[in-house]
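Note that chain A is present in both complexes that follow, paired respectively with chain B and with chain C.
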Partner chain A sequence: MNRLRHILPFALFAVAIVAAQLCMRVTETEYYLTQLTMSLYYAIVVMGLCLLMGHAGQVSLGHGAFFAIGGYTSAVLTTHDFTRISSAVWPGWLEPAHLFVAKQDLYGGQTMTVSPWAAFLVAMVATFLVACLIGYPALRLRGHYLAMATLGFGLIVNKLVLASAIAGAADGINGVPEWTLGFGLVVSGKSTARVQNYYIACGLVLLLLLLLRNLVRSRVGRALAAIHDREIAANAMGIDTAAYKLKTFVLSAMLAATAGVFFTHYTGGIGPSEAGALKSVRYVALAAAGGMGSLWGVTGISTALNYFSLRGWFGSYDNAVFGVILILIISLAPAGPLQPLGHWLRRLLSRLFQGGRRPHGAA
Partner chain B sequence: MALLEVENVRRSFGGLVALDRVTFQVKTGQIKAVIGPNGAGKTTLFNIISGLLEADAGQIFFRERSISGLQPYEIARAGVSRTFQNPSLFLQMNVLENVMVGRHNRTRWDFLGCCLRFPGQTKEEQSIREAALARLEHVGLAHLAAAPAGSLAFGQRRMVELARALATEPELLLLDEPASGLNTKEKQDLGNLIRKIRDQGITILLVEHDMSVVMDLSDDILVLHNGVPIAEGVPAVVQNDQKVISVYLGGEFQHVAASDKP
Partner chain C sequence: MDHGNLALQYFLSGITKGSIYAVVAIGFNLIYSATGVLNFAQGEFVMLGGMVAVTLAHFAPLPAAVTGAVVTVALAGCLLEVLFFRRLRHHSVLHLIIITIGLSIVIQEAALHLWDEKVRSLPYFTGNEVSSIRFFGAAISPQVLWVLGTVAVTVVLLHVFLRYTLPGRAMRACSSNPEAAMLVGINIPNMRTLSFGLSAALGALAGCVISPITMTHYEMGAPLAIKGFAAAILGGLGNPMAAVLGGLLVGVLESFSVSRLPAAYNDAAAFVVLLLVLFVRPHGLFGSPTGESVREH
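Our next item is the complex of A and B:
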């Protein structure tokens, strides 16, 4: 029974995923899946924030920048021609490691780019280092230092991207190749691979949800909740609060960067707006709208709202809408709109069940 | 053998000297009490021993190893656990989870292992749960394991906090005013419980206002006045110490006598 309750949300989610795709196939609107896939990748960023904000109680206003670090690292490495460097520096025996991919460019010349898997690993290492650098000093202090540090960091990354020729300045980077994951799976924006990519994104989201749920319901999850609640008492109980906050921050930054890498390969490019402060604030708004600590709520709400946004429902008021959402949630329902709804549903259900049992009791 | 040695500790806040020249020892297996009027520096002393505050001068040794300057979590890992004057439970969790947090420093699995739920991790999780339940039974609150921590009465919160501190398997337990806010029956239970804890081999240092509890429980008493120790010894000796009577008990008696006048 208990096990069933743990599996149920995953099963429901899987059913919803398949149902959405089948509906779109029937109504011949399968092109909607493109935006849905993109919003699923964005949802991964918000899941990371859910862990950081909802569970460890630390605020980051720079997750857009981590998304961009992942995306840009991948984009630069997989599009830039490394012919000269690769032949000069890398010895021949590295060839079988598939670190580089040889290709013909438009003009028939030979180019050498980094393979997507290698680029992904570099992106992860880069994010890890940057997140440690930002988080280490900010998280040793109590209070809103992390929010301040990450806000400044996000602005810097945005300006750096805009100023760097290698990152394509204001144009961003285009022509990022597809990413062959293995097992016949390819992250690619081709319309023939649309359905497959939708399921890749769903699979990734489900996998990360499972891992994060395991984490939250464990010794580590309790330690994070303790830090969130009463940091001093948590420390006095033997929890290395600074280390736990840092690890959580780095983990959530790496989730954002993972999303950035997948997103960039999927859409074939990345632009400087992904690193913008407004994007980072949007992620925070989405985490708040999903109820901060609820992994399911956060994933569902952020996928839906980002989808509407990408479909252009909010028109040019896009950023304003997310600002309003943040204000409304914080002032009206700090625990997120889903929690009151959940309480209401549970009460309704229990009343229904009691209503069904009462005749037995009376008889 | 002295389990805890406090040597010449001094701490001031701005111009106010909260503790000065505080030196004492806690021997293994003792129940030792620190008493003194309000503002005598008792809680400051506790905060310094448990690492929440740093001393301006002086040294603290636990099992002959200096713990001055260590972080609170390092001191907790060394074997010193504490409760707070105002019970500081984690209110978002239930009672059992609160006590389970106390097992943190006795368990190992970290981020990766917990994400991937290795077999060893699930086993450890089970052992955490069992150990926490055992501590809850110890303080007599096992029936409240699933209750939200925020729903407990004040006295129960105290007990859960005690269970949480015991879950860390301390060698030295610091109790900050464990009897305050408890009724007479609860105070008796607390006294019995503290003795039981001592009989399990856990040394206890407590700060307390309630004289009946202190005199009844303690093997040894340290009296602080304005941050300076003025007397130390067994209850009978401290009770009859002239200085103690004049600054502490005497002050109280005079106060009572004055308010009794018509």
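Our next item is the complex of A and C:
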């Protein structure tokens, strides 16, 4: 019974995913899946923030920057021509490792670019290093000072991207190749691969949700909860608060970068606005609207809201509607919309089975 | 123009921008002290002040338009507090901050639809675009003197208000110990409303005096809020006078970085310095480490 309760949300989510796709197939609106896929990738960033803010209690207004670091690293590596470097530095016996991919460009010339998998690994390592570098001093700061430091970091990354020619300055990078994951799976924006990519994104989200849920329910999660509630008390109990905070920060940064890499391969490009302060603030706002610590609420709300704005449902009022929804959710349901919904469902159920069964205890 | 004069010119432009950041940072501090909330809609007050004044200036003489704008925006600030923060005071600080972000988005969009996306400005208070005063070899617009003068007078008046008048001292009492303030009969919710009104009024005044120089645009609020926040943090939260120094410092850094670095890096330099300062002094230049952890919970 207990195990069933743990599996139930995942099963429901999987059913909802398939149902959404089938509905769109029946109504011949499968092109909606494109935006849904993009918003699922954005949701991964917010999931990372959920871990950092909701569980460890640390604010980061710089996660757009990590998304951009991931996306830009892989975009630069997979589009830039490395012919000279690859033949000069890499000896021939490294060829079977598939670090580089040879391609013909538009004019028939031979170009060498880094293979997407290698680029992904480089992006992860780069994010890891940057996150450690910025997180180590920043996490000594508290509350609003930490928020400012991460916001400043995000702005600096944004300016660096805008000012460097290799990142395409204000234009960003286009023409990022597709990413062959293996097992016949390809991350690409082609319309023929739309359904497949939707399921890739869903699979990734499900996998990360499972991992994060297990992390939160482990010893690490309890340590984070202690830090969240009272850092000084947690420290006194023997929890290495500094190490836990840094690890959580790095992990959530790497989640954001992963989302960035997938997103870049999926849309075939990335622009400097991804690193903007507005994006970072938006991620934090979505995490807050989803209930901060509730992984399901955060994933659901951020997917839904991002999807609506990517589809342009509210037209020129998009930002205004986002602001109003944000204010409404946070003032009416500060613990996220799922909790009141759950209460309401439980009340409804207990009314339906009145007298027949005692209602369950606290979930 | 020789090197020294050029430096003076950059310095003057830096403290002009910086004084506006300082006013925004003071607004952050006033509200933070009274409620513990960082109000990211602070930049929108500046934008609204400019917008309302420009509109009023069509019907009324300039001083009346500026006064009208300041009063209107101050009332709007009070209204926000009464409508949202008074009702939601049991929410956590982070939730309230997110609400201010939401409000800032909504106010910005409302301004877009109420006015339009055009850039507008008030007329120069004295002289016009081309009039300038020589100052040790640097040329300054008379409007710069208006900005600096207004900000200086406002800061002095605010200091006097907070230190020597009964309402001002009541406000400070609220921020240093809310329970004790309540026990001696201070109406804390009203003090919070007052802090919102006061920082909205300050923001609106800044929006009016800067309007002839930087123009008024519906999108100007968010960047100002970020810079003002940076200034408040640099000075140390909870100290309005340190915020003035923080603001001037951010402005001067920004304007000198334009002279040394490529224009694309203009904001980056100020933030790099800010990060370095924070890593060395985690509570800002003049902030004190005490009190912070109490307010967090």
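We adopt the following convention: the second predicted complex is superposed on the first by the 328 of 363 C-alpha atoms of A that agree within 3 Å, B and C clash if a C-alpha of one lies under 4 Å from a C-alpha of the other, contacts with A are read in each partner's own complex, and residues count from 1 in each chain.
Convention: contacts are C-beta pairs under 8 Å (C-beta built on N, C-alpha and C of every residue); 3 or more make two chains touch, one makes a residue touch a chain.
Just so it is clear, the model here is predicted, and its values are computed rather than measured.
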item: First (chain B), second (chain C), both or neither touched by A:Val324; value: second
item: Contacts of A:Arg140 with chain B and chain C, given as first, second, both or neither; value: second
item: Partner chain in contact with A:Leu212 - chain B first, chain C second, else both or neither; value: first
item: Which of chain B and chain C A:Lys247 touches, first, second, both or neither; value: first
item: Partner chain in contact with A:Ile232 - chain B first, chain C second, else both or neither; value: both
item: Contacts of A:Val220 with chain B and chain C, given as first, second, both or neither; value: first
item: First (chain B), second (chain C), both or neither touched by A:Thr192; value: neither
item: Dominant contact partner of chain A by residue count, chain C or chain B; value: C
item: On chain A, the residue positions that both chain B and chain C contact, one per complex; value: 230, 232
item: Sites on chain C touched by chain A in the complex; value: 32, 38, 84, 87-88, 91-92, 94-95, 98-99, 101-106, 108-110, 113, 222, 226, 229-230, 233, 237, 262, 264-268, 271-272, 274-275, 278-279, 282-284, 292-293, 296-297
item: Chain B partner contacts - residues on chain A that touch it in the complex; value: 211-212, 214-215, 218-223, 225-226, 228-230, 232-241, 247, 251
item: Contact footprint of chain C on chain A as seen in their complex; value: 53, 59, 137-138, 140-145, 147-149, 151-153, 155-156, 159-160, 162-163, 169, 230-232, 277-278, 281, 284-285, 288-289, 292, 317, 319-320, 322-324, 326-327, 330-331, 334
item: Chain B to chain A touching residues, read off their complex; value: 50-52, 71-73, 76-77, 81-82, 84, 88-93, 97, 100-105, 107, 109-111, 114-117, 121, 124-125, 128, 164-165, 168
